[in-house]
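The chains carry the letters A, B, C, D and E, assigned in the order they are written, with residues numbered from 1 in each.
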Amino acid sequence: MGTTYSKEEILAQQLQTAFEHLITEVVRKDTVFAFATKEQVSSILLYAKEKLGYISFVHLSCVDWLESGEFELVYIIWSPETKINLFVKTRLDRENPSMENTDMIWRQINTYQREIREMFGVEFPGFVGEKEFILEDWEDAPPMRRDFDTLEYVNDTFFEREGREDKQDVRERIAKRSGEEIPDFAKKYSRE
Amino acid sequence: MYNDKNAQTIVDYIQNFTRKNSLFMLAYGTGCGAIELPATLTSRYDAERLGVRGAATPRQADLLLITGYLSTKTLKRVIRVYEQMQDPKYVIGFGSCTINGGMYWDSYNTIKLLDKYIPVDVYINGCMPRPESVISGFQELKRLIAAGKADGAKKYKENLEWYRENQKKVLKNWPLVEYNW
Amino acid sequence: MNSLILLLILMFGGALFAFILNKFVPALRDIFVVLLMLGVSYLFFSTGISNRLNFDVLGIHMQWGFTSASYLFGIIVVVLGSLALIYSTAYMKGKDRLGYFYMNFLFSIGAMLGILMSRDLISLFFFWEIMTWSSYFIVIYSGNDVDRRGLKYMIFSAIGAYSMLMAIVIVNSFIGSFLLEDVFASIFAIGSGYQIAIAILLMIGFGVKSAMMPLHVWAPRAYSESPMSYTAVFSGALSKMGVFGFALVLFNLVSTQNWLINEVVAWLAAITSVLATFYAVIQSDAKKLLAYSSIAQIGYIIIGLASNTYLGVMAGLFLAVLHAVFKSTLFMAVGAVERQVGTTDMTKISGLIRRMPWTFVATLISIIALAGLPPLGGFVGKWMLYEALITSGHYYLVIMVFLSSTAAFLYSYRILFGMFLGQEEPEFAHVKEAPLSMLIPMLILSGISVLSGSHPGFILEPIQSAMASFGFQSNLPHESWWELTVLFNTWGDKVALVNVLTSIVGVFLIALAFITIKGYKNQRYVTTKDISSSGEIIQPEDNMTFQIDFYKPFERAIWPLLKRKIDDYYTDFGKGLEALFDFVRRFYNGNGQFYAIYVMAFLALLLIAGTKYFGF
Amino acid sequence: MNTILIQILGALATILLAFIVGMFYGGAHRKVIARIQNRVGPPIYQNFIDVLKLYSKETSINHGVMQHMGPVFAITASITSLMFVPILTDGNWFSNLNFSGDLVFLVYMMVFGSLGMALGAGQTGNPNSAIGVTRGLSQMVGYEIPFVMAMVALMTQFHTTSITGMIAVQQQSGTWLMFSNPFAFMAAIMAMLGMFSYAPFDIVTAPAEVSSGPISEFGGKYLGMMMTSGSIFAFVKLALFVDIFMGGASNLVVLVIKTFALYMIPVLYGVISPRYRTEQAITYFWKWPLFFGFIAILYAAF
Amino acid sequence: MVISPVQYIAIPLIAAFLIPLFGKLNKELVRIIPGLVLLYLSYISVVLMNQVISQNTMIVEIIAGWRPPWGINLVFSPFSGFLASLFSMLGFIIWMYTYNFKREVEDAQTEKFYVLMMMLITGTIGIVLTGDIFNMFVFLEITAISAYSLTAFYRERDGAEAAFKYLLVGSFASFFILLAIVLLYSQVGTLNMADIAQKMPDVNPYMKGVILMLFFVGFGIEAEMFPLNGWAPDVYTQAPGPIGAIFAGMVVKAGIYGLVRVIFTLFDVHEIFPLLMIMGVITMAVSEVIALRQGKLKRMLAYSSIGQMGLVLVAFGIGTHEAVFAAIFLMFNHAVIKSLLFLSGTYLVYHSKEKNISDLDGIGKSLPFTSFLFALGSLAIVGLPPFAGFWSKLYILMAAADVRLIAVIAIILAVSVVEIVYYFRVLHRIYFRERISTIEIKIPSFNAKISMLILAIVIIVIGVYPDLISGLIERAATDLLDKQHYIQSVLSVGLH
């Protein structure tokens, strides 16, 4: 028909043919998003690694979508042939978040999972790893969740030296300087 | 030995002389301040001419140098290392973070005030202190030693319970086996 | 009755009786064997060397009786045998087939005494074979992997024994007598080719038992997998039978024209000791380590004997005695650890020093003796060996010995560290010191090691008389044994052992007093978990001991030497043979017609060829 | 009685001499390194201060009796070796016991300390100690062989195994043995680089890798005694080399000059060298030094 | 009753025919009668041997009044007497073993078994005792026919096949020997062996060669010489255990007796000795290495037996007095030891269908006594002191060394190593494996134990004190080598 597809579109189509109901989006050059369900993630990763040549694991991160009550896990993988970053995104319920363990696909996922478990409290059932990664003996809520109040915790836990002047929340000032609005939902968690 | 500052015996004098002129330093370099130490120790500033030299393990060391912020996780190690050192021993806090938390004043994971947890003989201010300041800190410590006033270890021994209480406030599940005290 | 016969009857009859006793009254078995062995020891010491017994079997004239040389080895055998049996009573407690074990144990000790009292080659061989199979039965006692390990031992022993037998019958065909005296007297009258062949064949036989390269492949596993109480005797005394045989051959059957044999033997022994030491270094199992170490040490002994100088032979025999002493102590100590802890894998155990202090002391003393450090006995032997080799011009040989004994420091340290030092683990907190009947033999033997370091005279005196029987006249001053404390080499250089001892002990005590008194009040013990580990906090259950790949850097450095083991060549050879045998087997294809054809063909062949070649 | 008194006093004087000289040499070592790195460096007496401070440190913990005895083994070895090395060729004062030992004995005595130390280090349970010890022992196998080859070459060449005999040979012939058998000297000197464990053969105590290796659990008086022992031992090695290769010394000044000159070889070689891994060190010793040793023996024997 | 060598032949032959009759009277008698007969034979052996040795003669028994060289005669010389005594005593021990053996088979079978066994023993004893070459052939046929039947005793396919192979090859043997006898008779005109020996120098050398070759092959088949021994492994494997012992202990020995009697006495040609020795070496080497690769116990024992026979042939082939002494000693030792191995081995694989060595795993715990005796036999057969096998091997080696046959010594010793390997492999399985096989275990009956124990005691006693029988063997060797004495003794009988 004469239509030529870019390599990103080819990838998107490949993924869509392989997985039903998978939403893909070509964001920009060399970047493709795939919005998967929780169950699909591991098979997409495996498929991409084994069949499509996405042999390099770049990153696994977590986003706290407090307002919609969800965590979003983003797996970023990369192929040395096509040079495309494939973002596989999935959303978890914020109540008792849990995700399939995928560290058998790439061993380095282990480290990211440890971090996410500690910082966000996302559980990975069946996952073997050292119990503590960064926070030893942490008893509070996971600190990277947006509803965790850092200042209150600091005041409760640590000693402060008297007479320190520069101790204040600078977010308002930064927002003013750059001319941005602090969104309403964020104000709720503001220190002031 | 330290109780009467004005009356040093000749033995004390010799001891203090050797101690101040031979400081085996254990640099606890977790913070960013560790980058200043190579400069301090090598050709440009040459701390070795003052008798300061690196020690590899706390057993051999006299001086614990804490270079910068301490997270709760590293605090545990620092206490451990400090307790493994043998008397007489001195601590230098290095940089603003050890003094008042510095830029990490509202971090959930770094301590703000080092001398609540272990006794600090000398603080060196700055973020970061340059090698000149570090050497000046060494000189201050030497002055204290010569005067018999660098008695942090003794304070720690005497007020151990107070220190422990503070330490345990941060380190929830007290992890240290009580080997040394 | 002649006490020699009584000795043998007691040993062999006692062995059978122990077996039967075990069936009916197991409780008395231990007491019986120990008493029997003590009685035999008493009998042995009261026998002396002048007793001779002559008799004929099948028209072969035989003679029994100890010479001063064999008496020296006999002392090793009975002393080690008694101590090892005392040790056994505790070590073997609760294992099965004890009747079998003790029977073969006593058999092999009896056979060793038999070998030593043989003054003719046939009874020597007779007892040699008894020793072989009785030790073989103990080697396979543990029952694991007998097909490979046991067979290897048996095959090599058989090869050795049969080469001996071949030499024996050839000697007899020339001389017409099996008596050692006759053989020694007239060996040089026969053709020099046969002379050399006889010496070599005999040395193959003795070389197998003393585990000399390339006949050593049976030894590591045979030593390491026998019960340790027997390995003490196995490595300490039984391998010395090979040394005894070497002494007989080298001093009596090799003429001075054939000095090359001496050199070749010495070099083979040197290579043995170097390679075995290297293998010992890379072992991680204490028993195997000691097994390789034994091979290496016997290498030194044979080098000493083969050097054929007064000092060298004295060094060889001294080391033979001392090796029996310290190596059996070490095997006993390892056995004690095995019994108390359950394993000898040094990657698993660590930090037993406070649990088993006396075992540690015995091990430490024996290791110092093994490593040849002054002021213990090992140094005396090593010193004599080096000086003998240097003064007799074996320059490169002495380097080999030095290489081997320097590398021996590595495994010496390994075994002390692996078992006793390192971190003390909670899983070994329950471990108790070995029972007294195991400790006493070890400590007695350690005492001998210590005493021999400064006053070696009490060992050198019997060695002197043994050497006189080999034709080396004593040049030591005739002093009481406690006065013999200065060793000389032929260039007149000396080492004064008492000065050494005084200096070491004096400085050691002063320094120890100083370091102990200084700050005595503040002195305190901290556990091995309290170590500086870059701040990491070691929990009691963490084991930080460095045990795996202990000498990896060294292993890398010597890797080219270790790439291929001699064992592999033998295995390949064996496989090739079996394939060949399978081929031969096809001859019997099970078909009757073929068999009939064979018969006809054979007859035809005979009829055709017979007239031609058999000349009717 | 008088001779015994002189012997004891002489022994004490020897120890003191060895200690002082060794300490100053240690200071000089640090100073030389500093100057080469364009630093001022510590004063030359810095090592005395360090040792005194270590002895004056108060708390002393140990992990058991072997650790307690480790430094004692070390100092026993150094002092006993010292006793058997002739310090001066003339006079009674520094002769000690050197008439009753020989080179083979000395070679073994020198190992004694390392093994004793290794036992002490082993008991601390520190993995770094054990790693350091294994490296040290492996390296020892490396350098002992060329050293012994050199010694054997000299022994065979001059038909004596004692040091006094070697000195006598040199005094008779008037030539130093380093010229009589230069190959042996080469081998021995290269082995000496390893014996001193300075760079490039300092992987045993590499502070950044194994946190000072065997001594990582030793502090206070233990470390002090080890430094003492190390200084004495350095002196012993130097005196031994001077005796064997450089004709001995007739008085203390000559002794100091000769030993210092010799000492500068490992120091200067170390300053400009990076660090070898253990197997590299072993192969280093088993290449050229071994070759020289081989040649030396051939040269001596024929 | 006057004791005479004739009784060796007559009594068991009569007993063999009477056994079925006694079987009608009492079933137990069938089992008892052979024992009594063999006991009596053992008794007369002792008496006759004593007589022969002490008077330094040989007993020549004339049958039917015809004096040699015309009639058939029996010669009880030290050599043949020794073998006859050995056969009768061994026969008695084996009978003791068989007394309760296979009680489950039907009575008719038992009768047949004993009839055949008696005939077999009669035949073997006849071979060694007879002084007439044709008579020897007759006894050989008696032996062979009963052996064929016994091989197929179990009436199984494999047994029948083995028997058929034996029959096939055995008939060649009979044919060759008969042919040789015919040719010989045509040359010398007599069948008496002493007479033949006397007249042998007159025979045409070419005919002599042919006849000797025919004898060589014929007796070689019976003596299991390579490559004529194809029948042997199957027969040993398929025959009942005690019969295997009889084969190894007697039948083969009788074959060897025939061979050496023909070679040493009749022909006395020394040119054949190297051939004998070479064939012995090949037999030994080939069969021992094949034994190494066997997976079945009895087959292994069979090959081992062949190997030992090879060794005997080597010793005879050396031909010196010492060698012959060693050979006879080895024949004795082998008869005893191999019988012990067959007897004990039979119980070890009693219920096993395949008789695989792997079925022996861990049997040492279940059958301690039998296993122990098997182990003892193994140690003895490979020639380890202090057991009997050692001395005979030693003597063979000494004899070989005396004539500088170094290569032969080396081969014998190398083969001994192979022997050690396969016997010890079996011992390992017996003692050091876990028992996994579910095959039922048969405990030996008391009499079987006693019989095996007797053999074991003989082995140990001879091993420790070989002089016990060395005198007899010495005389036997002298007898075999002293041809003139044999001729004179036989031919002078009845002359006075």
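We adopt the following convention: a contact is a pair of C-beta atoms (placed from the backbone, for glycine too) under 8 Å apart; a residue touches a chain by one contact, two chains touch by 3 or more.
The structure displayed is predicted, hence computed values, not measured ones.
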Leaving out subunit B, the still-touching groups: A | C, D, E
Steps in the shortest chain-to-chain touch route ending at subunit E and beginning at subunit D: 2
Busiest interface, counted in C-beta pairs: C-D
Most central chain, judged by mean C-alpha position against the global CA mean: C
Where subunit C and subunit D are represented by their mean Cα positions, the distance between them in whole Å: 36
Computed distance of Cα centres, subunit D from subunit A, in Å: 61
Mean-CA-position distance for subunit E and subunit B (Å): 97
Sequence positions of subunit D contacting 2 or more other chains: 58-61, 211, 216-217, 220
Where subunit C touches two or more other chains, by residue: 526-527, 529-530, 532, 534
In contact (per the touch rule at the top): chain pairs: A-B, B-C, B-D, C-D, C-E
Residues on subunit D engaged by subunit B in the complex (per definition of touch): 30, 34, 37-43, 46, 49-50, 52-53, 56-61, 128, 207-208, 211-212, 215-220, 223
Residues of subunit C defined as touching subunit E within the complex: 56-59, 122, 125-127, 129-130, 132-133, 140, 143, 146-147, 150-151, 154-155, 158-159, 162-163, 165-166, 169-170, 172-173, 578, 580-582, 584-585, 587-588, 590, 592-596, 598-603, 606-607, 610-611, 614-616
Contact footprint of subunit C on subunit D as seen in their complex: 55, 58-64, 66, 68-69, 71-73, 75-76, 79-80, 83-84, 97, 100-102, 104-105, 108-109, 111-112, 115, 118-119, 122-127, 130-131, 133-135, 137-138, 140-142, 144-145, 148-149, 152-153, 155-156, 159-162, 165, 211, 216-217, 220-222, 225, 277-279, 282-283, 286, 293, 297, 300-301
Residue ranges of subunit E touching subunit C (in the complex, touch as defined): 161, 164-165, 168-169, 172, 176, 205-206, 208-210, 212-214, 216-217, 220-221, 227-228, 230-231, 233-234, 269, 271-272, 275, 286, 289-290, 292-293, 379, 384-386, 390-391, 394-395, 397-398, 400-402, 404, 406, 409-410, 413-414, 416-417, 420-421, 424-425, 428, 431-432, 465-467, 470
Subunit B residues within the subunit C interface of the complex: 28, 57-59, 74, 76-78, 80-81, 84, 175-177, 179-180
